[in-house]
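Shared between the two complexes below is subunit A, which pairs with subunit B and subunit C, respectively.
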Partner chain A sequence: MSAGVAGVVLTRGIGPALPAIVYLVVFLVLPLGFLFSFAFLSVERGEVQAGSFSFLHFRETLSDPLFWRVAWRSFWVGVVATLLCLLLGYPVAYLYSELRSPLARQLLLVAVVAPLLTSAIVRTYAWLVILGGRYGLINSMLIDLGLITRPLRILNTDYAVIIGMTQVHLPFMILPLIAALAGRDRSLEDASLALGASRVRTFWRVTLPLSIPGIAAGSAIVFALSYTNFIVPQLLGGGNYATLALQVYEYIIVILDWTEGAVRATLLLVSCFFFVFLITWAGNRAMRWTEARP
Partner chain B sequence: MSARRMPRSWSDVAGGLLLYGLAAFSLLVLVAPSLVVIGISFTEKRYISFPPEGFTFHWYWAILEKQQLIDAVGVSVRISLAVMLICLAIGLPAAFSLVRGRYRGRTALGAFVVAPQMMPGMVIGIAILFFGSFFAFRQSELMVVVGLSVFCLPFVVRVIMARLAGIDVTLEEASSNLGADRAQTFRRITLPQLLPGVLAGAAFALIEAFDNLTVALFTASPRGRPLAVELYQLVQFDSSPIVAAISTLEIALALIVVLVLARTIGLERLPEK
Partner chain C sequence: MHVVISDVDKVFGGTRVLKGCTLGLERGEVVSLLGPSGCGKTTLLRCLAGFLVPERGEIRIDGTDVTLVPPNRRRVGLVFQSYALFPHLSVFDNVAYGLTVRRCPRREIAERVREALALVALEGFAERFPAQLSGGQQQRVALARAFILEPEILLLDEPFNALDAKLRGTMQVELRKLVKRLGMTSIFVTHDQTEALTLSDRVAVMRDGIIQQLDHPLALYDTPSSDYVAGFIGTTNFVRREAREGHVALGGGLALPTAVQGPVQVVLRPENLRVRAVREGAAAPFTGKVTFVRPLGATVEYEIDAGADGTLRVVDLREALAPTFAEGADVAVVVRKPEACAILPGEPTR
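Right, the complex of A and B next:
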């Protein structure tokens, strides 16, 4: 066994990579082709109609005002969750980079990584308990404190979905930020402080610009995850709540309208990649801008 | 370093307070939900409410009485083992070729293999469901395995590639110069250095395949659902604390995995990849 592996492993050719490439072509590229083609073809009585290729389904979906309302909500919920993750994640990553004790660093990483290893449902379920109706943690606390008399409605609103998205995706923001901040060159900061700049000014002018690659990477991941997440809106948004990703799930699994599901999945994927590209591009621009700045 | 000990202005103090205040809040947000769930799992009430009342293991015993949950755990274990094996079997050789190969287009090929990690699980699940419909390949355990191995492979390859790129080739050259054959060199020099990467990749595939919902929801058969899909139904239609008990078990499992990872690979390496 081991001799065979070594013989293959040390070859300098393309051979050992072929199984993985073939696997991805057959089970990812080809299936994606089927997914996209479903959006262009018509299905009647469970049979795909040959020669029915058209943009008809796209035209219908794109001219539906309801579609745009839902798409807009998916977008801004994703943006707000990304910004909140950045606001909450950056201080944690910065704290990590300033910690000297290895034990404290380990503990912080456990707090960040452990939630990643529990399933999305477990993490979302916790928010059902915290935000949920009369017996939820927040409402029973506020009532006990005498701040409110009737329970607030948080569950089944945009707020609940945004809170859930932010918490579920926070580790994905913190890890790239840690990678960017923990390995940074501190001599520039020391120079800035030695030249009399305040810490706050040093942070804004030196530390923050140095961490732009981490900010861009984290934001791209968190936006993509939030934009395509249908579990959080399903569980925390309530019965009538709709996002683009949730609609894709409903069309394919509940309504069984695969054509409309394929149209929306295609639009979701294409727009998601476009926004991720935009964030990466903005990160590169910001990088060059700070380098060129006097 | 002396510059770091200079007297601070009030705005520096305020900035520091804000920074560390936010960090503390954010750590609370990360950890608190798990603590709440753990608390709820021991409540004596029949519905989820906080704070929990009393103390009972009732909801843990209730898990054992739900046969479909026990079956679901079995399905998930089988799926995650199969996914891990497939990812290692085709991912490990691919990582070697993509890091050490000497052929044109190697970088582009590497990008192709790693790129699918930007693909949402839902899209992979739907694509394979549609693809299968043309070949009488129906929703089944096998379909979940196929979908999840596609979903996990890029991560596994990337982790192993990162580790492999950091290995000093001169050690292997020294080994073969000293008369070791390829198999010996691989077994005694390459593999031990590579092991943390392989372990991290295997752990990732195992955990993701066990927990995954986004791919499994579209590819799993209604009979023989994996645990994540079963839980998804349960969360929506059952308001008893039984879900909290299952969640607590999952959190305990996650903590064990984190501790094992910390011991074997070191958590510090995770942000690097």
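Right, the complex of A and C next:
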């Protein structure tokens, strides 16, 4: 009898999603709630001080110029990585959509997804070998070719972090772009050609505008991942490199200052939601015609 | 000839989809390519538009060989089965697209788009998006977008497929009138014989990559060149006979004159036959049993089992209040106008 009731509940309305909802509430929403609450409370010797609720910690952090420098860097590193992913990913997704043979498509898809099968830490360490010091792959090559005499400083700079982020997050850009491009209506491009437009013009005026949903989805994902990633800046940014995500990690795990960590985690999450919302909103705005109804 | 297609071959993956297609259109003429799916009609259209390059043969528009000219330099207007309107552009921008590409001055664009929209009765819809239009309106936008560039030739790929049956009939007539008014040389691709006959000056019946017959609609009906064409246009009864010494004996003393010898098929259109009662002493080419009656009012359709000649379909014009024959009745079938029967030499090829 009770099994029958459970069966009915689990197959109606939000029923099928219930297990996942319960799981996320217990293991995501509640822990995040705890974390955020620390940002508003004072802790001394591991004890939450009663009646200590205030916005004091936020006020202090937000009036700290160092915080704004770190936040700005997190933001623009995320933006540059997103733009690079878009620039590098779009041609790959376009190539995929133009391939006729299913085998070639499968191979390309595997090549795109394969990096996701190895851990981001392993891949980021590989960049150390390539970008690192005098004997790194790039520097030793450039020196051997006689193009430079002294090794370039790439590792422990924004460049290294951006290169690493772009590589790690490229698949997350390519996949939504493939979804947007592969199923597109080719007759629109034929129509553009028949109306006298060149292939290049057809791309800019028809193919690209119609792939905006893919661009928006990919950009939102890559930006969110880059903005909040702490592994890549930690390994490729060097000891003095700071981003918001990295600071959250350091305050909570290394310094054990939960309050400072919680303040930054809250600000990081809220601002991340805001930017993702902004990207989605811009995407929807550019796609207003999809809402047009008679 | 304004548009000439000569001896065009197209091969896809080892299969010859077009086998020596030859077709010529006078300026302002409307021709339909009619055939079942897979007969090559859309392939021929795409060759004309420049999306496909034929392996052999050439295409001339206004005397110029355009076989190798890419679609964007061909001055060909194209209306797609799905209309292919740009969903992200307004009706105005859709129609203006080709003019914008040609860098026309803004004022001229606005003026010409207004005229084009007026021609298809869509004034006041300029700011709408395609998704806000009905199927018929979308088709008119697609049409305006194509003819605003004053193309040498207008190509239409099954343009009525996406419309419901009632609207289709109206739009066919509208389109025919519009294309004629614009004086535009046009080619329609269709698998619907009514559509082809409604729209065209001449119809090209295609089968397996070959144009079987190119002729005026009634000529196709009256004098089909093959049993395939006869069977494709309208309803037909085929009767197999031997032609000897200048005659085909149908039976019941009825002989049709012919120049051919040997096995033939006689094409008997249902409305050229008549059902009457079996009478002593009055010979008829066919006798049989009525197996089906469709009393439609002005006409009555019969199916008659005529023994060795198979099932004959007859459309009888009903004289006022005349009784009809019931299912199971024994009847005779006579030919109204023997001289109207087409005689096709050879065995059936259908």
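Things to note:
What we mean here is this: the second predicted complex is superposed on the first by the 268 of 294 C-alpha atoms of A that agree within 3 Å, B and C clash if a C-alpha of one lies under 4 Å from a C-alpha of the other, contacts with A are read in each partner's own complex, and residues count from 1 in each chain.
FYI, a contact is a pair of C-beta atoms (placed from the backbone, for glycine too) under 8 Å apart; a residue touches a chain by one contact, two chains touch by 3 or more.
Keep in mind that this is a model prediction, so the values were computed, not measured.
Look at A:Y159: by the touch rule set out above, it reaches neither subunit B nor subunit C. Within the superposed three-chain model, A:W289 lies in touch with subunit C and out of touch with subunit B [touch as defined at top].
Of the two partner chains placed by the overlay, neither subunit B nor subunit C lies in contact with A:F58.
In the superposition on chain A, contact is made by A:S198 with both subunit B and subunit C.
When the shared chain is aligned, subunit C comes close enough to touch A:L188, but subunit B does not. The partner that reaches more residues of subunit A, of the two candidates subunit B and subunit C, is B.
Of the two partner chains placed by superposition, A:F40 touches none, neither subunit B nor subunit C. Of the two partner chains placed by superposition, only subunit B is touched by A:L24; subunit C is not. In the superposed model, A:L210 lies in contact with subunit C only, and not with subunit B. Judged by the document's definition of touching, subunit A residues 190, 193-194, 198 lie at the interface with subunit B and also at the interface with subunit C.
Subunit A meets subunit B in the complex at residues 2-3, 5-17, 19-21, 23-24, 27-28, 30-32, 34-35, 38, 87-89, 91-92, 94-95, 105-106, 108-115, 117-130, 132, 135-137, 140, 166-167, 170-171, 175-176, 178-179, 182, 190, 193-194, 198-200, 203, 224-225, 228, 230-231, 234-235, 245, 248-249, 252-253, 258, 261-262, 265, 268-269, 272-273, 276. In the complex of the two chains, the subunit A residues touching subunit C come out as 185, 187-188, 190-198, 201, 205-206, 209-210, 287, 289-290, 292-294.
On the subunit B side of its complex with subunit A, the touching residues are 1-4, 6, 8-9, 11-12, 15-16, 19-20, 22-23, 25-27, 29-34, 36-37, 40, 47-51, 89-91, 93-94, 96-98, 100-103, 106, 109, 112-113, 116, 118-120, 122-124, 126-131, 134, 146-147, 149-150, 153, 157, 182-183, 185-187, 190, 207, 211-214, 217-218, 228, 231-232, 235-236, 243-244, 246-247, 250-251, 253-255, 257-258, 261-262, 267-268, 270-272. Within the complex formed with subunit A, the residues of subunit C that make contact are 49-51, 70-74, 76-78, 80-82, 84-89, 97-98, 101-102, 128-129, 131-134, 145-146, 149.
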